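Common to both upcoming complexes is chain A, partnered first by chain B, then by chain C.
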Partner chain A sequence: MSDAKEMTLEEREATLSGIGTARKRKEDARFIRGQGNYVDDIKLPGMLHGDFVRSQHAHALIKSIDASKALEVPGVLAVITAKDLEPLALHWMPTLAGDVAAVLADKKVHYQNQEIAFVVAVDRYAAADGVQEVVVEYEALPALIDPLTALDDDAPIIRDDVADNDEVGQGKRRHPNHIFEWEVGDAAATDAAFEAAEVTIAEDILYPRCHPSPIETCGCVASMDGVNGKLTVYGTFQAPHVIRTVVSLITGLAESSIRIVSPDIGGGFGNKVGAYPGYICAAAASIVTGHPVKWIESRIDNLSATAFARDYHMVGELAADKDGKITAIRAKVVADHGAFNTHAQPMKWPAGLFNIVTGSYDIPVGHVKVDGVYTNKAPGGVAYRCSFRVTEAAYLIERMIDVLAQKLDIDKAEIRKRNFVQPDQFPYNSCLGWEYDSGDYPTALEQALAAVDYEGLKKEQAEKREAGELMGIGISTFTEIVGAGPTRNCDIVGLGMFDSCEIRVHPTGSAIARLGTKATGQGHETTFAQIIATELGIPSDDIAIEEGDTDTAPYGLGTYGSRSTPVAGAAAARAARKIRDKAKKIAAHVLEVAEDDLEWEVDRFKVPGSDVQMTMKEIAMAAYSNVPDGMEHGLETVDYYDPPNFTYPFGAYICVVDIDRFTGDVAVRKFYALDDCGTRINPMVIDGQVHGGLAEAYGIALGQEIVYDDTGNVLGASLMDYFLPTAVETPEWETDFTVTPSPHHPIGAKGVGESPNVGGVPAFANAIVDAFAHHGVTHMRMPHTQWRVWQTLNELGLNK
Partner chain B sequence: MTPGSFEYHRPQSVDEAVALLGQYGDEGKVLAGGHSLVPMMKLRLAAPSHLIDINGIDDLKGIAEDGGEIVIGAGTTQAEVLASDLLAESCPILPEAAALIADPQVRNCGTVGGNCANGDPGNDYPAIMIALGASYTLRSADGERQVVAADFYEGVYATAIEDNELMIAVRIPTHADGAGMSYRKIKRKVGDYAIAAAAVTLSMDGGKCASATVALTNVADTAVLSAAAADALVGSAVDDKAIDAAAEKAMADSDPAEDLRGPVEYRRAMAGEMTRRAIREALARAGGS
Partner chain C sequence: MTGISLTINGETVEAEVEPRTLLIHFLRESQNIIGPHIGCETSHCGACTVDLDGKSVKACTIFAVQADGADVLTVEGLAEGAELHPLQQAFTDNHGLQCGYCTPGMLTRAYRLLLENPDPTDEEIRMGIAGNICRCTGYQSIVKAIREAADKINAGEGAD
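Up next is the complex of A and B:
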């Protein structure tokens, strides 16, 4: 019963383009032809446009809002303010972090460019004309910009609305500007280890405020169908189901009356997880006007008012013996969350997974304390291409181990080797509470050192130093924690952080799979099909992948924190296996053999040593025509996967820089990136993810910062100033890999999209600091712009 | 980020354009490549009621030599400058600088006239035109006049051009054989305006600097002609000491503002460093060492 007898096993496997194949990205055909369908491409009949009046001040009372002139502008239909939303209880919204955020400024503004009024008009030009004509009268208040002063007795109080609350969703707090205090580890044992240590180091390390800055800004089209009462919202949502639940909670509409659709999304990087005032206002405006309403952010709106990342003011300390073996770690952090606590991470961890700060190192004891505070800056604190606060943690430990190496005059590769968690220690329980699933750090680093000829580089560096030239070698041997996460401790607004996949195999042997995640550029349509192809023996080209429509996709928590492959990818494998189990029963029935006699072989069930066999394609038809008595027809299933643990991808990156000592220009001569993400589903997609993440890491390390002046004006919130590197600046990347599968993931995969951002930033930073190490420099503040590097050169008199 | 409404005109001749400018006065704006004007309109920092698009006027295009001068039509694009054999031969600093302006998309539309007439201290051509001793041909319904580049710039977006005037061409004296020129620019990335940049021309005679000009980009309200820096070179052997002295003078003549490109001290230091580098390159090209 087979039509492909002439094909060898290998050929049959190749036909599938399954796991391990460098299959070309399926979505590229439409993207490179300009045929993607983004939110702003959606045009509905009768659609109106909305735009915001935004605050000029960082902190001010609103004395009055006069919209009368705006309403006279041709094409302007309505101007909505907090007063109008109040009767609907839509003027404030709950955040994913247990706080509330103003939808439209209610009596006061808390940061510059905060939304004050929503102007609805026939087109976006008229809306913008209307925005110009709304007159807002303010009474300015002193602005609080420096988070390190937020908890001072005389600090201006930012959130009058919660000033008297003793908590704002994340535990007890001690000041009106305080959001939470979060501690983990053993303080007393850590103190004792520091007391007893032969050496200790401490360093103030700021991870500045940056922004995920996806190429596509945020936006939506909200359409209320007045007849059937159904609200459809097309929008830039990394987590469409969560948005549906939040909309339901806010509006009181049943979830069955809400359809959230994420069409193609042009990058998210954490910026598109949360809910923004634009979504609520567009929906409210559609309900009120009976027309679809579109809201699309400008670049300046996006950079200045939507979720930023980092702004972590850290003090890191290490205790060690004189051979460089670390004996304890301590970290104290002030986390600037802006004016509302809108970060998106598992509710139980207000500082995310920051306690991965022990990194790849076997550190016996540690203590971490994080204080979250409000400031008069845009809200956020999201995970910009990283699992929650993991990039901050990786930056801290990878910088500190270099500081320790310099203090003890130990080579920076050597000190890492002396501290690595060893392969035989896995599963490894860290002193700060994580169970690392698998890893082989020494092998990865050795491979990296050999690939770049580390000894040769060190020799060259010594010669350059003799000649007064500045060359730096940066190493980063990072470990991530991704794939949130086990529902026993991971939830967002009470929703467990499982994910899902539903697969339906059609009669002629092709299939469709729908998942609860939502690609924003990662290539899910390509890679998830490959997982299913291998598991089901159906060519990946015959498997359609759909995500992002809450009316069709099974419930999932969305895409961020490298969770798609660890969680939804696992669900895909498990759903495919369930289907295969049913297929086996059907094959046994049709072939009239016992189920136990059948064995799976690439794309079919077979009685070993015979030619009694049935391909998946044949079984698919049988599933609709010839099933055993008592079995339901069809070949479909859904799997909701609750991961038993996180996954722990890791890598070894090496960066080499040369610094122009007169201008502060940093030239990246070499960047080598070895990633271990467990089983590799598509090496080409992995390379693409690594290239993109490294480009972002380069941007962050060398130039990205959202800068505020003392009065809270946000400076340079456009791409003229905010540093998005182009292909010209971006260095060449050399990628490499080792494979240490995750023992608990159905296919051993760990996730890779965020590793290059997490591991890349410290590699760049370490290289730049290393260039100055022989002058006694242990740390330099990011971003390493030309002028900052020059200041170091100037202070040291090296630019003469 | 959407402009206000405006009326659009597309004259086919200089006379027609000049008539429209006369008619609309300060309500009208010339639209050339649009790569400075349109971003300002989108931010509503500019809100002209009448846009007078000069892209349909063939007379404004072209690069030619005319009796000891190079004449570049105001509507010539930066990409056309980059591709010009004539300029590569007789005034290489212009194509070299074009390569440092923005990116190919911008250069394909952005014009020489727009770059010179815009009045943004970040534009690269003004300092170069000043260093080259260029002048601008301006025409209104009342007639034509010639303004020396060094006299044209008055402040940020403030120039000698009147509302009713169109820039027709840039005229650059062809430089004596043996003059070397160089433009050195430090920026944060492709498409960025200068942190600081320096344009230098110099000629050597018998091992001594016979003449020199030094002009700076984006370190003051307008492009800066640093006569003092040039004076420090003239008569010297353009050795390290003279170069340092010129750089010091250039720094003293610059008055940068602090912005995200860096604090004042840094931007001023870069004015000096770019001056040094431009002098060395111009010297090498002038046959010195």
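Up next is the complex of A and C:
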């Protein structure tokens, strides 16, 4: 019964473009023609524009807001303040972290550029004119900028609204500026291990405040259909379903009366997970005016007000024996969350998954304590291309193991080998509570060392040091924890962090699949189709993938934390398998054979050793025309996947730098990245993800920081000052891989998008510090700008 | 309002604009040319790059009135009907784009770069696109795509 009998097995497989093929991207056709559909491309009839009046001060009482002049500006229709939102209970909103955040400043401002009033006008020029004419009178208050002083007795109290609360959503706290204290591990046993240790090291390590800064800023178009009572919001949402639930909770509208649509998104990197005042104000303005209202962030708004990342002030300690075997780890962290706790983590994890800080190493005991504090800075704490706080953890352990190696004068590759979790230890239970699913760290590192000729590089480095030249070799053998996550310990506003896929196979054998995630450039339309193609035997090209419309896609928690493939990708495979199970019954019925006699072969069921067979395409038609008695027609299903565990991608990165000892210029000579993300779905897309993440890591390590002065002024929230690497300084990348499938994921995939950021930052940093290691330098503060590197050169007298 | 007349992707356009209207807003809002994007509004990111009288120009920092009489080409004008420009083909063949937001500006800049320098080295390509920031690709595949397009154009395949 087959129309493709002549094709060989291999040809039939190739037709599918399934798992493992470097399939060209389906998304590209519209993007290369400039025909993407991003939020600022959306125009609705009668659409108005909103823009914000923002605070000049970091901390001040608002004495008055005078909008009268603004309302006289031609084209300005309304100026909305907290007072106007208060009757609707929309002036504050709940955050994903259990706190509340001001939508519009209510009596006081808590950080510079905080939203104070929303000006609604006929176009963006009139809105900007209106913003200029709103007069805000302030009474300045002392600003709290340094998080290390936030819990001092005399620290200015930032949040009057919650000053008397025992907690702000994440457990007991001990100061009005305190958000949470979180600890994990065995403090007493760790102390004992440190006392008994032959050697200990400690280092202050700051991961500075930076920003994901996707090239498209945040924005939305809110449209209230007053007749039918339905609110539609198009916007830059990495997690559209969660946004719908949050909007419902905030506005009181039924979720069935809210439609959230994420159109094409111009990069996310964590910036577009949260709910921002612009979304709420645009929705409120649409409800009030009866017109659609667009809000689009400027770049300065983006860098100074939405979604900073990191700002982790860490003290790391390792205990070890004299051979470099680590016996204990201790970390104390002050986490600067800004003025509102709006970080987006699974709610039970106020410091995210930071307890992955044991990294790739078999450490018997450890203790970690994180204190979250408020400061007069923008709120956020998002995962900038990383699973929640995993990059901070990887940076800490990968820096610390280098510090230990230097103290003991052990080679930095060798000390890693001595401490690796060994392949036969998986599944491995870490002392801080995670069960690592699979890994082979020694093989990955050996492959990396051989690829770069590590011994040769070491020899060259020794010669260069003799000659007074600075060359650094940075190694990073990181392990990530991604794919949040098991609903038993991961939720956001009570929603379990499952994800979903619905597949419908049409009568003539093509299909559509919808998922609860939302790509921001990763290429889901391409790669999810590949998973389904392999599982269902339908060519990828015949499978349409849709995400981001809450009216059509099944509920899911969205795209961030490298969770799309580990969670929604698993749902896609499982949904396809459910369909295949039904297809088998239909094939047995049509072919008049026993179900057990049929075997799956690429794209069909067949009776082995015979011509009795039926392709999935043929079965699809039968599903709508000739099903067994008692079976429902159709060939569709939905799968909600609750992962049994996280996945643990890992890698071995090696970076080689040459530093100009007179100018402080850091030239990256080589960057080799070996990634193990388990089963590889599309090698081309994986390489692209790795390249992009490494470029971000380069930016973070060498230049990115959101700096504030003592009074809370943001110093340089534009692309003039905030470093986004261009093609000129961005290094060349060499990629490589090993494959250690995840044992619990349906297709063994682990996720890869964030590994290069997580593993890349310590590789760059370690290389730069390594260049100075022979001068006794154990740590240098990121970002390693030319100025800062020059200062180190100058302090050491190396530039003379 | 000021009257302007210009050519956009080969078509003559006459329009009345406010003197302060930026070219990018004129293209996107009144002409429905949505390929060029806005990423920074300060000339740094290059998402708004268009070709204007034979030069790459960031449309976010010039006024529409300054384009009076100009010949403007945007990403929409690169393909000839259904036939892609070799650059467009090379970008998709080499995974030179991910989120697609910088892509129209990047393509438009690369188009002019190859007219300025038909056989650039990788280093010259990197310098030539230094005004266009991409946050997704790490640039390597973009450089490769431009190199490949140059080779194809020079070999007479789909020459512009």
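Assume the second predicted complex is superposed on the first by the 800 of 800 C-alpha atoms of A that agree within 3 Å, B and C clash if a C-alpha of one lies under 4 Å from a C-alpha of the other, contacts with A are read in each partner's own complex, and residues count from 1 in each chain.
Simple rule for what comes next: a contact is a pair of C-beta atoms (placed from the backbone, for glycine too) under 8 Å apart; a residue touches a chain by one contact, two chains touch by 3 or more.
What you are looking at is a predicted structure, and each value in this text was computed from that prediction instead of being measured.
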In the superposed arrangement, does A:E618 touch chain B (first), chain C (second), both or neither? neither
Chain A residues touched by each partner, larger count belonging to chain B or chain C: C
Of the two partner chains, chain B (first) and chain C (second), which one does A:T663 touch, if any: first, second, both, or neither? first
On the A-aligned overlay, A:Q791 touches which partner chain: chain B = first, chain C = second, or both, or neither? first
If you stack the two complexes on chain A, which partner ends up touching A:D106: first (chain B), second (chain C), both, or neither? neither
What is the contact status of A:E13 with respect to chain B (first) and chain C (second): first, second, both, or neither? neither
Touching partner for A:M720 - first (chain B), second (chain C), both, neither: both
Please work out whether A:E525 is in contact with chain B alone, chain C alone, both, or neither, and reply first, second, both or neither. neither
Which superposed partner A:D676 touches (first chain B, second chain C, both, neither): neither
So in the superposed three-chain picture, is A:A128 touching just chain B, just chain C, both, or none of them (first/second/both/neither)? first
Check chain A for residues that touch chain B in one structure and chain C in the other, and list them. 124-125, 298-299, 720, 725-726, 728
Which of the residues in chain A come into contact with chain C in the complex? 24-25, 27-36, 38, 40-41, 43, 123-125, 213-217, 264-267, 269, 296, 298-299, 520-523, 684-685, 687-688, 690-696, 718-720, 724-728, 730, 732-733
For the complex, give me every residue of chain B touching chain A. 1-5, 44, 103, 186, 188-193, 195, 259-263, 265-267, 269-270, 273
Complex interface listing, chain A residues touching chain B: 124-125, 128-129, 132, 298-300, 662-665, 703, 707, 715-716, 720-721, 723, 725-726, 728-729, 785-787, 790-791, 794, 799
Considering the complex alone, what residue numbers of chain C touch chain A? 18, 20-21, 25, 28-29, 33-42, 44-45, 47, 74-76, 79, 84, 88, 91-93, 95, 97-104, 107, 125-127, 129-143
